[in-house]
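Before anything else, here is the set of structures, which you'll find just below.
Note that chain A is present in both complexes that follow, paired respectively with chain B and with chain C.
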Partner chain A sequence: MNATNWGLERVSVDFGNAHALQDVSVTLNPGTVVGVAGGDGSGKTTLLRTLLGLLTPSSGGVDRPGGDDVGYLPAGSGVYPDLTVMENLKFAAGAYGVRGDEYRVARDELLERTGLDKAHDRLGGNLSGGMRQKLGLAMALVHHPRLLVLDEPSTGVDPVSRSELWRLVSEAARDGASVVMTTTYLDEAGRCDAVCVLDEGAVLLQGPPNDLVAGIGGSVGETTSRPNTRYAWRRGASWRVWSPDGFDSSSVRPAAPDLQDAVIVAALRRRVAA
Partner chain B sequence: MWALVLKEFRQVRRDHRTLAMMIVMPLLLLVVFGYAASFDVTEIPTVVVGPRASAATDELPELFQVTESQQSWNRTDAVDYLRNGDATVAVVTSGEEPQVLIDGTELFSARSAITALSQNPSAPEPEILFNKDLDTSAIMVPAIAGMILIFVGTMITSLGVVRERQSGTLEQLAVMPFRPRDVFVGKVAPYFVVAAIDLVVIVGVGAWLFDVPFNGSPWLLGLGALLFLFVTLGLGVLISSVSENQGQAIQLALMSLLPQVLLSGMIFPISSMAASIRWISYLLPLTYFTEISRGVMVRGEGISGLWFPLTMLAVLGLVIFSFAIVRFRHDLTPAKVKRSRQPSAVSVERGAGSAGPQEEAGAR
Partner chain C sequence: MMLADAGGVSKRFGDFTAVDGVDLTVVRGEVVGLLGANGAGKTTLMRMLLGLIRPTSGRVELFGETITPDARRRIGYVPQGLGLYEDLTVAENLEFVARAFRIDPPQLGDLASSKDALVRELSLGLRRRTAFLGALSHHPDLLVLDEPTSGVDVIARSDLWETIRAAAEDGAGVLVSTHHLEEVDQCDRLVVMAGGRVVLSGTMTEIVGDTISGTERIERFERRFAELAVA
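The block that comes next holds the complex of A and B.
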């Protein structure tokens, strides 16, 4: 990795006998958003904590900027419930040494961009989930970090707020930040420049979403009744099915695969192979 | 309803601290109260001074335990001796008639001494010093000041730090460019200021409402309070570092407060406690702060008489504060991070070793 690319290089993290991360490498380039996806316990938060220096890897290397250049939105938003929006923002700015005119400019811009300007005197604890996450993101962005680390920023947030959060994340990346975010939503991961899908601490899939979908191999189909194969999964009211050789049955219609299909196929293939 | 009872039992069984509190605390209280809750005075430390000190010593009833006898001393020396808390009663044989001086800040011992002397018609009329009316509030207010400093220093501080952990913001602080000691001082300083204001208010209100005297140096009381606050604030942070939530922090803070109130000499005289538990009193910071606050406020004691409690508070503060800092640092920086020499440049960490136990519990 060079000096401007942060990330993890062949990192493993062990908790006793449990392997929380196994040989995981993630490169974070300036101006891009990397999504780390996976189910509960897949190792997403461990990856972020290792990147942030809160955990020491058992092996491998971590490159990250100094603390002044890192913005972090923890899973719980990091907003102090008994401080107002302005006070929360001022605290974060003070912590990163952003003061005076620089602070006022950053504050006004972030309040306007997050739509929190009308709620500036409201206590953090009285904000809705979406507003709280936006404030947490504003706190992480107030010092214009080079590395922005977001732990499930949109979990439990309504669709409108999710879209607004995404706009803020995209703007941060456009301004040159390296962004890494964990998510359990694969549709959200599909919007990232690159995705790292974790399963039981190991990388299941990694790369740009389109490449992952294109590299799925075989064929994905759709049917209304449960197919008699291990490579089938529910999708809405119907079933999706994957086959390495295409489908003979007329009851299975070809379907355009997406990232969710790619991840499920990879997981099923891994389990069958195991 | 049975399902609810069963659920409640299961929850209690898994909450080890509450379980321990429900089972151990009543036993502990019983034992402590049984041995400590005693107003009976079996011996009164006494100094006898003046040319007839030896003869006077022989005439004293058994209750008066003569700890010092000095023929060359006079009344002034005896008063200083009492002021320093080295004895409760002084017998001065310098004049024609012997004088008996009693330290009024030792309420129970003073009352016992007066009663014992009144039973002997030839005994001189005792003179009560420092707290002439044997006023309870003059003794209790300085001790209550210590109790309130524990309340703010230990309980409120521990809640403040636990709240930070519970809301997940402690981890955020760990990522921010703060040094652990910045976070520690930042968290503790406001409570320190509030506790200091509390102390001034208590002393002021005590003087205004209860006529509690202030005969000594405010700076000396300030020094004692400063050392005491180090202990209580350190204890607060220590409690927060082993508490997962605010309920646990309150439980632990109460468990640290209760023995201090009962065993520090604030209510029951330490000299009346059974020797088997008296040693606990000497491990409690409130014991020493009470000694200082009563000594300074009521007896006008100087630093020469208070060096021991001041030293003990300093030692306790050093030990507890060091533990608290180590635990707090561990909370903030569980990983060993190698930082580059240039603060704003890349920090590189190459793995060796394994993650700490805290991460085992819930990182994923």
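The block that comes next holds the complex of A and C.
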């Protein structure tokens, strides 16, 4: 890794006998957003905590900038419920040593961009889920960090607030930050420049979303009755089905797979192989 | 017959109108997706359909009649918080539900290996499966699911959808609220709420067209959603 590329290099983290992360590498480049996807307990938060230096890996290397160059939005936003929007922002700025004119410029810009300017004197505890996450993101951005780490920024956030959060994250990347975010939504992971899908602490799939879809291998088809294979999953009223060597049945028509299908195929193949 | 039928239903709390003249139906065998921003009125509408709160005006019927206490026995409900007893085991939770409905406890299937585990010790995916099994054990005619799959991995999510679709194929009607836009493709029909009203409804094909990939469909849907939900 060179000086501006941060990330994890073949990192494993053990808690007692449990392997929370196994041999995971993630490279974070300036100007790009990397999505870390997976369900509850897959290792997403362990990956972020290791990147932040809050956990020590059992093996492997971690490369990150100094503390003042990292912005972190923890799961649940990190917003103080008893402070107002403005006080929360001022507190975060103070913690990073952002003061005076520099603070006022950053504050006004962030309040405007997040649409929180109209709510600047509202208590953190009285914000909706979407507004709270936007404030948490503003707090993580107030010192213009070069590495932005977001733990499930859109969980519990409605789709409208999600697209606003996504715009703020894209803008931070466009301004040159390296962004890494965890998510359980694969449509959201699909918008990242690269995605790392974790399953039980190990990498299930990794790469740019389009490459992962193109690289499914074999064929994905759609059919209306339960196919007699373990490689089948529901998509609405019909079934999706995967086969390594195509379909000879006329009841299966070809389907255009997406990232969701790519992840399901990889997970089913791993499950069948185990 | 309509399993659930709301006609011009409204709910006001003081000066605040949470649900404003909404029509919604669920028939046998279909999965209806309910979407909307926080505060759009989804939960209030669901609570009226469950008979937990009374509408200020309009009509809500279950199974062809005004909601009776007996209607509750024909509903399976999985709330967002799952409604499980954390300090009881999987088997004890299901037994408890079975007694309330005076039925035999359900077959545990793939939960058999976890039957003696306390619910609080289970992964979120297994907790969700337990809640589903409990809600389905009395073979409800109407299944109401509030964000049933959030937080779980893609296989657990796909297993849960298999269960939901199987219930619909057995003749149940399903009303499911979700924030996962990728799940709109799992529903037969969608109802989008904003500001207490229904702003969009129909099949995915009616809303965004047919001949495009899943990713494009979801992106188009999200754009339509965002336009309407802020309007």
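Just so it is clear, the second predicted complex is superposed on the first by the 274 of 274 C-alpha atoms of A that agree within 3 Å, B and C clash if a C-alpha of one lies under 4 Å from a C-alpha of the other, contacts with A are read in each partner's own complex, and residues count from 1 in each chain.
Operating definition for what follows: a contact is a pair of C-beta atoms (placed from the backbone, for glycine too) under 8 Å apart; a residue touches a chain by one contact, two chains touch by 3 or more.
What you are looking at is a predicted structure, and each value in this text was computed from that prediction instead of being measured.
K.L.:
Once both complexes are superposed via chain A, do chain B and chain C end up clashing or fitting?
P.N.:
With chain A aligned, chain B clears chain C, so fit.
K.L.:
Using the superposed model, measure off the angle between the directions from the CA centre of chain A to chain B and to chain C, in steps of 10°.
P.N.:
If I round to tens, I get 90 degrees.
K.L.:
On the A-aligned overlay, A:Pro74 touches which partner chain: chain B = first, chain C = second, or both, or neither?
P.N.:
first
K.L.:
Contacts for A:Thr45 in the overlay, against chain B (first) and chain C (second): which applies, first, second, both or neither?
P.N.:
In the superposition, A:Thr45 touches chain B alone.
K.L.:
For A:Thr56 in the superposed arrangement: first (chain B), second (chain C), both or neither?
P.N.:
first
K.L.:
Which partner does A:Leu186 reach: the first (chain B), the second (chain C), both, or neither?
P.N.:
Second partner only, chain C.
K.L.:
With the two structures laid over each other on chain A, which partner does A:Asp14 touch: chain B (first), chain C (second), both, or neither?
P.N.:
In the superposed model, A:Asp14 contacts chain B only, not chain C.
K.L.:
Given the touch rule stated above, what does A:Asp175 touch, chain B (first), chain C (second), both, or neither?
P.N.:
The answer is neither, since A:Asp175 touches no partner chain.
K.L.:
I'd like to know which partner A:Ser163 touches here: chain B for first, chain C for second, both or neither.
P.N.:
second
K.L.:
Output check: A:Val263 vs chain B and chain C. Expected answer is one of first, second, both, neither. What do you get?
P.N.:
So A:Val263 only meets chain C here.
K.L.:
Rounded to a whole Å, what is the shortest Cα gap between chain B and chain C in the overlaid structures?
P.N.:
Value for chain B versus chain C, nearest C-alpha atoms: 5 Å.
K.L.:
Shared contact residues on chain A for chain B and chain C?
P.N.:
41-42
K.L.:
Sort out for me which residues of chain A touch chain C in the complex.
P.N.:
For this pair, the touching residues of chain A are 38-42, 128-130, 155-163, 184-187, 190, 199, 233-237, 256-261, 263-264, 267-268, 271.
K.L.:
Which of the residues in chain C come into contact with chain A in the complex?
P.N.:
Going through chain C, the ones touching chain A are 31, 35-40, 123-125, 150-158, 161-162, 165, 179-182, 185-188, 204, 213-215, 218, 222, 225-226, 229-230.
K.L.:
Mind pulling up the chain A residues that touch chain B in the complex?
P.N.:
Contacts found on chain A: 3, 6, 11-16, 18, 20, 41-43, 45-46, 49, 52-70, 72, 74-78, 80-81, 92, 95-97, 149.
K.L.:
Would you mind writing out the residues of chain B in touch with chain A in their complex?
P.N.:
167-169, 171-178, 333-337, 339-340, 342-355, 359-360, 363-364
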